[in-house]
Each structure stands twice: as structure tokens, then as C-alpha cells.
Amino acid sequence: MLRGLTPPFTPRGAASLVAPPPWHYAGWLLNVEFECDRDRAAAFVPRELGAATGRGTVHFADWQATTDGSELIDPILSQYRETIVLLELARPDGPAANFCPLIYVDQDVSMLRGLLQGWPKKFGSTWLTRSLPLDHPAAAPLRAGTRLGASLAVKDRRLVEARLELTGREGAPLGFLARPTYGTVGWADLTAPERPPELRYVRPAVTGAVSTGWSEARAELTFLPDAREELSDLGLIGATRASAGYAGVTITGATPA
Amino acid sequence: MLRGLTPPFTPRGAASLVAPPPWHYAGWLLNVEFECDRDRAAAFVPRELGAATGRGTVHFADWQATTDGSELIDPILSQYRETIVLLELARPDGPAANFCPLIYVDQDVSMLRGLLQGWPKKFGSTWLTRSLPLDHPAAAPLRAGTRLGASLAVKDRRLVEARLELTGREGAPLGFLARPTYGTVGWADLTAPERPPELRYVRPAVTGAVSTGWSEARAELTFLPDAREELSDLGLIGATRASAGYAGVTITGATPA
Amino acid sequence: MLRGLTPPFTPRGAASLVAPPPWHYAGWLLNVEFECDRDRAAAFVPRELGAATGRGTVHFADWQATTDGSELIDPILSQYRETIVLLELARPDGPAANFCPLIYVDQDVSMLRGLLQGWPKKFGSTWLTRSLPLDHPAAAPLRAGTRLGASLAVKDRRLVEARLELTGREGAPLGFLARPTYGTVGWADLTAPERPPELRYVRPAVTGAVSTGWSEARAELTFLPDAREELSDLGLIGATRASAGYAGVTITGATPA
Amino acid sequence: MLRGLTPPFTPRGAASLVAPPPWHYAGWLLNVEFECDRDRAAAFVPRELGAATGRGTVHFADWQATTDGSELIDPILSQYRETIVLLELARPDGPAANFCPLIYVDQDVSMLRGLLQGWPKKFGSTWLTRSLPLDHPAAAPLRAGTRLGASLAVKDRRLVEARLELTGREGAPLGFLARPTYGTVGWADLTAPERPPELRYVRPAVTGAVSTGWSEARAELTFLPDAREELSDLGLIGATRASAGYAGVTITGATPA
């Protein structure tokens, strides 16, 4: 009998790319809220989920993830970086939410785990400055005046650049830290490749969210044009709020929209 | 309306990780046939597809792939390397076939495209010597006595090593070059994560196969032990036949087993 | 006129791989002290620098480096990981010191900057668990019982693995955090390639060292055999002490031994 | 006694990053000749070597290199890709030559081996289409009408893009395939970091050059602006000639200019 949550399905199930949830994540995050063209944002959002407000958030994240703790003692299994693009939704019958149109990661386990949860992950190269708890010119400590940067490149082209400067004030949770986040699950069937995949909208089932609180920042954000990636089609107007800090979360499954 | 064969589903469908088939592939291949413990091989194969013979093939491949030609003029979109492990099946009511239990690639497009076709791809680092059409000490030309090597590492651990020496004779097509190849498609549903995914067995629908013919080689093959990857559970006995050459193939979809 | 501290030498000097010192570094470190065969260690150490004691330290480091701050707002220019192997020296006429026989990094700027300082850097892939300031299963926080891991691979082969468990007690600075560290500078002259390079022994000129203090750990350390890398020739006996924490340092140049 | 041509200097000399010459190289090359602003080119060239003509060549190369053949059976030690920028020199007392102001590679051995030869290598990500000897949509075979592409990115930013279309005619050897090529060797001394390094101009001592001949191409070439890399300071006017093919060469040392 073949075992496993995901391919490869094998006799012991140890080789399967993704182990079953719960999935525990903890990481360092730079969060940049932005305004963009509302009509253009609307084109990225399934109408049944809500109405695009023209606001969104880019998260740059340096994650550590584990299921049973084993990945933490062999950290190549545990660590990855990603850039998450979210659009804010107004919902007629409920609180505001986010929808994830685009997200880029640098590790296979996280890519497939994301697709299962409705995060439409492909590969990208994310870099983000870390704040170290030291008073030193290379430490970028969490205090007023510290400058931090982040970037995303996809297939050797820069797509996103951000620059932050900490204000010394308390910041806000933004994006997925502030609202439930919906995404899309859909698997094409190659035995009928002309038929578009059936799309389901889900949100991850979250427990055990923790954070250190957030350090407020001023930010500049740039989306660079790219013919394939569609990110610049959002018509970015500019960054509004930004914050930096640590967060942890556990995902136990997904909930239909 | 959101478009695309795969995530991300976007307004223009240009950002989707995988474009619809046909998918054209051409590459340089080192093929090593092996014998292993038949009972252990049987544990990796769905019984309904056939009986493991205790033979298999490892392919090391340096691919170039395209849909409409655009990837060939921006080759970061087109090129990748992979290691393919196949097990041979005897089938009561038809010709012999292969089943793919494990396969490792180094690029996101190919990973998801593989999962759709039943190739259970995760990431690995594949290296293989190339034969260049030159008489030079670094060229490893296609002639008797030339030595070639290949390796696979997964998460910074070597899993497979192969060494080949060309005999100067004509070689055989092996593995997926010789027999139809079945694999497994299965998508976990995170809204019911305790339920194992429904597995379907399919084979890629192949057209337009071409090759340069094959150069015979003697080979040594090693599977290194690894707690997670299960490859060494096959009980490798050793390499039998090997060959090197170029092949091209086009995939138009998949056919149920 | 061509400008620059290092190649490429260019009209503006902006493209030179390494900018002039001072070089500021801050990072997260796992430090593992070890015992090995003293005679074998002696073979790695220039006799004029001192006598190998049979003790040494492996540092796994996740660095952020800058010259003028610009690298911190484009962090792909700033961040890298490395594994540092040091051997302890008894010195007849002075305090104990370290000598660096082997060191592995994952970024070009750091590689050449190291060679200039006597750190004999080549490429390797280093991973190390981070302690995040959160109470969460993926955070590996700095408290008794937390387990951390680290690994080094060179050319897709694992060379070093370490596992640590924090004791909850205060730990010691180890290795380069405790003693001055010597290394070797030597540049072959290809116009006379048969002549061995002249070797000079230097130590980096260090200012502005800071740290968070150190968290004590128990550790297991493994050096895996590799024909080319020579690390396992040290005859590792085992880990003795270990610690984890943050440190910053500034290098202004080098001092002859 | 410590052995080795380059760091690390070790008891057996096996770990040294670069083994002594001869160094054998064979590879697949796309060569694009270009015109640029002559005065700007002159600023990149040491006056004593000759006068910039305002012509140059970009080579995109997919190499395989070996010293004693051992690297060819463990190809992670052997293969790398690079982008070579050359400027043509008129020389008062001799034939035309090239000077190499900038070159980007993706492997540590090649980086240091280059610095020793006067090739001012830093890291970059090079991709180039390959021509496979197959009649297939993904093979880009060597015949009229085939389109090929190449790109260079440095620190996640694209610097160079090229597109070629084969004409079906015989092409010319270009750049380092046509003229001797000079470069710069210079090692900063960190014990006196304020003193600029002494620069020596050398050319590699070449033997055993072979090629398959060259396939002519039409080409478009773009240098993308980048504040650090200086390449776009050359004032590119456009591509003139281009060619594709295989070449091999052996380097035995270097000759002073």
C-alpha cells in the first residue's frame, strides 16, 4: 500500500513531500501595506469572495516551519523565505478579509503545502534585512531610524523592492496578521486538459497565533514591470503603512469560503 | 474571471506556473538500468498496474522544454535537470511498462507539470557530464573509453551516484525510452486532511518522440542511504546496462491506466 | 584610471567585488567546541604560529554585513551563511590563539573578502536553526530544552552535522569569540605556476566586538568523510562545549602574525 | 607542511580550491559582438595595453572543465556557466587584442581560477539556449531560423539579455576566440588597506584550442542599467555579428603583457 499526504506515495510515507498537518510556522516579517488601482485589483479577486478595496499588503517572510520538531534539528528541511501579495476585500456579510493572488517561495515543501492551502505559490528569490538584538552597524536593531530593505526576483528578474525606516513607535498587524485570508485551490486534470480546473476558495484553519508585537515603519514600495508575472498590472499607487516583527502560527487544515 | 491551467489563477493567465500542453521536451540523457530486490520493488508499485520485475532504470536528464517557443529565447524558463527513478512492471494483459516511484527536479514549472502527469516530483540537485562534439580532454566525446558521471543530492545529501564508460558500441533505449511509464496523481483535500488522497494512475500521452540513437556504456550505480528518501529501501543489487544520447518528446495530456 | 580594492578594477570602482574596510558584520551563531587527534590537528597548523592543542571550534553563522549601510537596504548584498573550522593553538610567548584551516561560505563577496583576511574560503551550503523570540513550536526559543541543528554540505555532499540542546545556563564565548584567530594569505603567480605561493600568516584587525552573551548547549558533532575536503582527517573525538547567541564585529584590516 | 596552489592550504593539498594547471575547458558558446561608445570603452582599458576601438564581445558559455579527468566523473566539480565581456584593443606594435573588464560566473573554483588568470570574476547567473542535434520543437537545432536566447543576472537583477537567430551560414570566431585577451591581476594587502593594489596585466597561456566551427547568427543585445555593475556605462550601441558553437581550450599559466 502506498502512503503519504502528497507525492511521492511510497511504502513508508517518509518520502512524501508534505507531511500531514498540523504545520507550525514561525518567522521574521516585513509587512508593507499599499494602495493600488481598485478596478485592476478587482480583476484579480473572485467576485463571490468580496469586493477589492484597492488596498493590499506585501509580506516578506523568513520562515522556520516544522511538523513534529524533526525539521528544526535539520534546518534545511525547515527554513525558507517568501513574498506574499494580498488584496483586501470588503465582504457584505462579514468582516474584511484578504485574497492571495500571487505568492513566491524558495523551497519545494512550502510550494506544495501552499498549493494545498490555496496559496498559489511559485518560485521566487526573497531577501529581507533582519533586525538583530545588538547595537552594531550591521545589526539593523529594532529602534527609530533603522533602515531595512527587501526584494523579490522571479526567474532572475526583480519584481518587488521595498525600503523601510523604523519610526520607534508601535506598529499595526497588517495583511494576513490582521484579517482572514482566502485563496484558490484548483488541480487541472490532464486526462481532459482542455477543461479548465474547478476552482475552490478556502482559507487556512489557523490556531496558536503569536507575535512579538510590531515595530512601525515608513516604507517605499516598487513593483517592477514584467510581461509574465502580472504583479505590475495592479497599478500600484504607493505604500501606506508598514511594520516589522516576529510571528508564529499553526495551520491544521483549510475551511471552504 | 480568473484564468490559468494552474495556480496562480490571474486575469491574463500569463502568470500561471504551467501553461497548457502540448509540452515539448528535448534533452541529453544518461540512462542506467539496474537490478534490485524484487519484493522491495513490489512494495513501491500499485498492484493493479502490474508486477515489479526487480529491474529498473535511473535517468539523469538535462532538459530544455517549451510550449510555444518563447521559453527557448529566455532559457531560464526552459532549462532544468532531473533524476528519474523507474521500476519495470510485467503486465498480465499487455507489454511491459514502467512505474515512477521517485523523481527529483530543480525547477518549479517542471515540478508542478510533473505532478499533473503522475511524476511525483520533489526538488533535488542533479549533475551529469555532457558529451561535446570536440576532441579535447574536457569534452567527454561520444567514443569508446570516455568516462561520464552523474549525481543526485536531496536537501544537501547525496542519494545517487553513477559512473559510466562508453564502449563504442550502439546502446539500447532504456526506461521511459523503451516502455510506457505510469505514475500517480493524487491531491490531498485540506478541508478533510485526515482523509488520504484518492490516487489515480495515469501515463503521459506522448507524441513526436525522436532520438539520436544511443551510445552503450558500462556503469556503476550507488544508492546512498537516507532516512527520509526511501530510495535505498529498493535494495539495489547493481547496474546492468547503460546508455547515453539525446531524446525529444512531446506530451499532450495523460491517459488513465 | 582603474579603481577598486579587488577585481573587477573599473572606472568608477563601484563594480569591484569587495569595497574597502571597515567591514561590519553581525550575526546569529552556533558554536561547537570539539576535541580531535592532536597530531592530526598539528599537520594543519603552521609550526611558527604555535602548537595544536587537539581542541577546536566549529562556528555555524548566519551573517549580515555592510560597509556604509547601503547593503542593509538591499539585503542580497549583505546576507550569507558560513561554517568556520578553527583549531586552538598554544603559543610559547603569548595567550592561546586559533588557526583557521577550513571555512565554507555561500556568497562571492564574502569569499574574496575572506581570502584577503587569511580565511581560506570556498563555497559550501550552511544551514542553522534560529532561535526566535516567540513561545511557539517552530520558534526554537532561547530556553532550556530547545533543540537546534546545523549542517554543512560542499558540492552536494554533507561534511558536518551538529545537534544542540540548550541547557538554560549561561554559555561561554568559544573559538574566534574567545581568542585571536590567524589564517593564511597566499596568491599563486600564474606566470610561474610551478612555484608554490608565498604564504603569509595574518589575523584580522578587530574593533567594536559586541554580543548578546551566550546560551549554553550540549552538542553532538559529526564530520563526514570526503576524499577531497580533508576535514575528517582531523580525527574528530567529539563535541565538548557549545553555545548560541548573537555577535557583531568590525574588521579594519589585517595584522601580520 | 601546508600544500596547495590556493587556499585552503592543507596537509594533503586535496582541499585547495584550485588545482595546478593545466586546466582543460570545453563548452557551448553564444558569442555576440557589439559596438559601444569608444570614449566610454577607453575608460575601462589600461592605456598601456592599447586603445579601445569601441567594439567588444559578450560570450555566454556553458563550460565543462577538468585537470586530470576526475572532475568529469563527478560533474558538480566540472560544470559552470559564465558571461564574459571583452573590449577590443588596437595595439600600436602588434595585432589586435581584447581586454576583459567584467566577467560573471556561478561556481567558486572558476571564480578563483579566473582571478589568478586576470579574469575579474564575480558571481552571476547565466542562462543560454542549447542547440541539440535533434529535429524537435524544443531542440533549437543548428540550422537557419533557429532562435536562441541568453541572459545574465547579478544579485537578482538582470544585466544582459541577448536574442539570436541562426542564419544557416558559417559564422566567425569572435572575442577570445579571435584575439589574445588581456586581464588584470591585483591582490589587495589588508595589512595596508589604504594602499591600492598593484595591478599586473597578463594573458592566459593557451594551448590546444579546438572548435566545431561557428554558426552565424543575427543578434539583439541589451545591457540593463545597474548602479553598481558599471556595464551599462559602456554606452552600448548595438550588436553587430554573432555566432554559436563549441570550443575547447587548455590553459597552462599566464604571460605578462
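Per-chain residue numbering starts at 1, and chain names A, B, C and D are given in the order in which the chains are listed.
In this section, a residue touches a chain if its C-beta (ideal position, glycine included) is under 8 Å from a C-beta of that chain, and two chains touch if they have at least 3 such contacts.
This is a predicted model, so every value here is computed, not measured.
Peer 1: State which chains count as neighbours of chain A and simultaneously of chain D.
Peer 2: Touching chain A as well as chain D, we find B, C.
Peer 1: By CA centroid distance, what chain is farthest from chain B?
Peer 2: Centroid comparison gives C as the farthest chain from chain B.
Peer 1: Of the chain pairs B-C and A-C, which one is connected by the greater count of C-beta contacts?
Peer 2: It is A-C, judged by the count of C-beta pairs in contact.
Peer 1: Rounded to the nearest whole Å, what is the centre-to-centre distance of chain A and chain C, using the mean of the C-alpha atoms as each centre?
Peer 2: 33
Peer 1: With chain centres defined as C-alpha means, what is the inter-centre distance between chain B and chain C in Å?
Peer 2: 39
Peer 1: Could you list which residues of chain A touch at least two other chains?
Peer 2: Touching at least two other chains: 74, 76, 125, 127, 151, 156.
Peer 1: Of all residues in chain B, which touch chain D in the complex?
Peer 2: My answer: residues 24-28, 64-66, 69, 72-76, 78-79, 125, 127-130, 132-140, 147-151, 161, 163, 208, 210-212, 246-248, 250.
Peer 1: Which positions of chain D touch chain C when the two form their complex?
Peer 2: For chain D paired with chain C, touching residues are 2-3, 5-12, 14-15, 17-18, 20-21, 43-44, 46, 74, 76-77, 101-103, 107-109, 111-112, 115-117, 120-123, 155-156, 184-188, 190-194, 196-197, 199, 202, 204, 227-231, 233, 252-256.
Peer 1: Please give the residue numbers of chain C that touch chain B in the complex, ascending.
Peer 2: Contacts found on chain C: 125, 127, 151, 153, 156-158.
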